[in-house]
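One structure, as structure tokens, below. Some questions next.
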Amino acid sequence: MSLRVEELNVAYGKVQVLWDVSFKVEGGSLVSIIGPNGAGKTTLIKTISGLLRPLSGKILFEDQDITGRPPHTIKKLGISTVPEGRGLFPNLTVKENLIMGSYTIKDQQRIEKTFKFIHQLFPILSEREQQLAGSLSGGEAQMLSIARALMSEPKMLLFDEPSLGLAPMIVEKIFEVIKTLKQRGITILLVEQHVQHALELADYAYILENGRIVLEGRGEELLENPHLKKHYLGL
Amino acid sequence: MDRRLILTPLISLGVLSLVPPLLGFNNYYLLLASLILLYTTMVSAWNIIGGFAGQVDLAAGAYHGIGIFVTGLLFIFYRVTPLIGIFLGGLVAALLAVAIGYPTFRFGLREVWYALSSLALVVILYKLFLVWESVGGTIERYLPKVGFSWFYLMFPGNYLYYYLMSALLLVATIVVNIRIRYSKLGYYLLAIRENEEAAEMLGIDVRRYKLYALMIYSFIVGLTGGIFVLMLGYVHPVLFDSWISIQTAILGIVGGLGSIAGGPIIAVILLAIAEYLRVRFGGYIPGLHQILFAIILMLIVLFKPGGIGEWLDSLWHRITARRGMEVA
Amino acid sequence: MPKPILEVRGVTKRFGGLTALNRVSFNVEEGAIIGIIGPNGAGKTTLFNVITGFLKPEEGKVIYDGHTVTGLPPHRIARMGVARTFQIVKPFPELTVEEAVRVGAYLKAEDEGEVNNIVDDVLEFVGIEHLRDRYGKELNLIQLKLTEIARALATRPRLLLVDEAVAGLTPGEIDNIIEMVHRINRERNITVCLIEHIMRFIMRVSERIIVLHHGEKIFEGKPEEAYEDEAVIKAYLGERRI
Amino acid sequence: MLSPTLLLQNLIFGVLLGSIYALAAIGLSLIFGVVNLTNFAHGDFIMLAMYISYFLGVSLKLDPILTPIIGFPVFFLLGIAVYLAIFHKIIRAPPLSQIAVTVGLLVLLRNFALAVWHAEPKSIPRTLLGYSYRLGSILIPADRLTGMLISIATFLILHLFLTKTKTGIAMRALADNLDSAALMGVNVRNLNMLTCALGIGIVALAGGILLTFQPVNPMTGLIYGLLTWSIVAMAGLGGVSGILLSGIIFGLADAFTAAFWDPRAREITIYILFILLLWFRPKGLFGRR
């Protein structure tokens, strides 16, 4: 068992956003959480990564309780985040963004090795190394955000809407990358509104609506599920 | 609401008229009391721009100084009666405020930058009058000695008259506060303070209403300068005093943003304590009263951000609620 | 055929390299309820910001009631009869609900008496009279959204733009909003333009919808037809790969 | 009279002065940019640094230019103390609260100085650098020249720190995006504390240099506060080189006003420049943001 979330309740001030959300992500698997805008997807990612404190509930990573811990300690345990809207450092160069990704790693040799891997995975980033991250195109920026998350050699990756605002061709590419990462054995939690892709890739998936899990099942199953259209399109 | 407009001035005038007999008509105490009322007036006026409109204005020292110089110089150079001079001082202060405020709001200066540029205005005017030898310069210019005169508002050796003038101005400012708070202007200013975009979308010309608030505030602060210079008897550039700006904003914040009673009440109390400290310890710890202000300000902002006004308001609510029950 | 109250003609809005709106054109007939939907980042809120004057488009214009309003500041446009609510609520935390609605009511009222009447009327219409003396900071999300609608209605608009009214609400609360939108339209004769992300909601409210995707209008027509439209399904579900 | 010599003389004066002003402002810029804290008391830290320098100069007979050797570590620790006691509590507070609390701090520091050193201006009795170099008819005061060299060296070190070390890059990352920095594993609290310590520590350098040629009184803080904020406004968070450049621009404005109008009018030019800048270039001259 890699990540387990139990009865999570989260609020911004007086407004509760998540209600009794429970799910689990087995080690090495890819789990998608699908939901429309305002369903609470970003809140969920922020809570797991430590940026938000839940009202109640538990988050367990490798059977260790990480509920309410500050984000930098969670990162050190091996959970890396690709935040909503990339969350890059626009006034830092591409290289510096990647260095920030390896912030928790002390061993310079390991960092060099990861750099090589990143450059294989995203050749475009090595071309743009000295460019400011703020000048990248949407697709490049998303790749940098993923690459940055990989720099710490994470056991688990959290993706918050990686397809947001990207052209269809780029979206294809991004999901290819996610697939590759899954094949390399990284546990992945993917939060998306892009139903098709997210479900195709997923071993297991949950539908989040208005802060509650309303449907769950295996990826392909859900894709064929007549209720999905109802829940998602309102048919 | 109408009752409040009649009751508030009556009650506050009643209270304020008790002070001179309590002080035994001692001239020195009356001078101190008048100063306290003038500073309190500034706090009450600041509430319009700072409390209602939410702009951290630190230019009170500038408008106060303008009032001092316009009233003083008109009297010194042209024997213009302060009856007119004080009014003109307020007017010039308001004109200056608009001249600065129009571009400031036009270019969307807010928060830190508004506060800094308004504080810079005080220093600019101070130095400008220092360099501008024909009206300012480094030597004090004294008001002419005319003896006891109603026409020139000169009452040598009797500060009771100035005390009454200051008291009237304070009460008038509080009445202005009440009038604004429960009118279109007041609601618009509060909406701007709370959320400028939402206010815009409700049809509020944000810039224009901020300017209105700034004009009223600077006009009143200009008037305080006019009365102040009559008591002081001379003009000097050092009277463009940044401490006036800071003191006014501190008391306004401690009193509670937007609270009509909070600012004046807290100002009178703290300024009285400050005067006591200054007289008692000023010889060996010159800045003790300022330290007191600073500590109270920091404590209030850190631990009771609503200021004293919030507490006063809830007290008022409780009293009126109980009265409501008795009626029922 | 009723005349359009709002015409959007070839509006293009760019942010740096990103084209948020690409030559978007459509009309809104007086008295209609029209829905604008699209996935996250489709440019919906940008469109509202252009219509209400918060943003100036690079190309194209917005015509309201026969007058070109592009380039006018938001308060002028509001004065002409356009009101809106915001995707992320913009409450007045330190004002009571009554005072917040009052702020809106001053726009068209002649005197204090009329202001009071508008406030009473709107609070009752929206059904938040019981919240009258509560401060903005004490309200929950649905109460904030209703207050925002009340505030907008108090300006006596002819056109109301509603930006994602139901995000984060429970199904019961959504029903409440749907009914409210119908009543605003029918009883107050206000043209309503809704932005929504959740299709289900928009289907139940509007006769006609416009679908935006990556800043372009990809569909305009009846809601039922949208389900059959290839481009819309692709935009929402993604391309089905073989 | 606009003689070329006079022009050149004041050009040099302005650049020397400006680079020292920039050194006084860089700490404010760091704290404002990285910690995201509006510090109205920055000028009063400069004033305090000048007094500390004066104190060390009088009691230990230390040359003011050398006082930062003691002043820097003291102010570094002071930065940590102020962060933990005050700044830490208002980091997420609205601007008004930050302004109010740091104005309170300003008043405290000013009156502390007033109580200890009284209102009369203090200046250092003597400095090793009380002489001037002569280039033809042009004078280059040694104290200011040394000040500029120290300033430029500091800027160079700071630049290397911010671009070559992990901690420095993390500081810039924090300025860009706080949440993302935390997600990268940065302990935000500790880094904020370090930034405050560094920002206020550098003030000790500036204070020592300033005292070699300018007296200090308790009101000095207001003037330097407004001056350093003006520099930050002009630089617009455009990095250390932006601060150095805008410092020099204000230094030139200062020197030319003093020479061609009136030494007392220096602040008039500087603050009018500041206000015009806020109106017409709110994002600063060199800023990317």
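Worth a mention:
Order of writing sets the chain letters: A, B, C and D. Residues in each chain are counted from 1.
The rule we apply is simple: a contact is a pair of C-beta atoms (placed from the backbone, for glycine too) under 8 Å apart; a residue touches a chain by one contact, two chains touch by 3 or more.
Every value quoted in this text rests on a predicted model; they were computed, and no experiment measured them.
Note on interfaces A-D and B-D: more C-beta pairs are in contact across B-D. Centroid distances from chain B, each centroid being the mean of CA atoms, peak for A. As a whole-number value, the distance joining the C-alpha centres of chain A and chain D reads 42 Å. Taking each chain's centre as the average of its CA atoms, chain A and chain B sit 55 Å apart. Remark: chain B and chain D have CA centroids separated by 33 Å (rounded to whole angstrom). Centre-to-centre separation between chain C and chain D, using Cα means, comes to 49 Å. Viewed as a network of touching protein chains, the structure reduces to one closed ring of chains, two contacts apiece.
Chain pairs that touch one another, listed by label: A-C, A-D, B-C, B-D.
Interface residues of chain A, counted against chain D in their complex, comprise 46, 49-51, 70-72, 75-76, 80-81, 83, 87-92, 96-97, 99-101, 103-104, 134, 148, 152.
Chain A meets chain C in the complex at residues 14-15, 17, 36-38, 40, 137-138, 161, 164-165, 167-168, 171, 193-197, 200, 210-211, 232-235.
Residues 52, 54, 73-75, 78-79, 83-84, 86, 90-95, 99-100, 102-104, 106-107, 115, 136, 148, 151-152, 154-155 of chain C are the ones that touch chain B when the two sit in their complex. Taken in their complex, chain D has these residues touching chain A: 163, 166, 169-170, 172-173, 175-177, 179-188, 288-289.
Partner chain D is touched in their complex by these residues of chain B: 54, 56, 100, 103-104, 106-109, 111-113, 115-117, 119-121, 123-124, 127-128, 130-131, 242, 246, 249-250, 253, 257, 285-288, 290-291, 293-295, 297-298, 301-302, 305.
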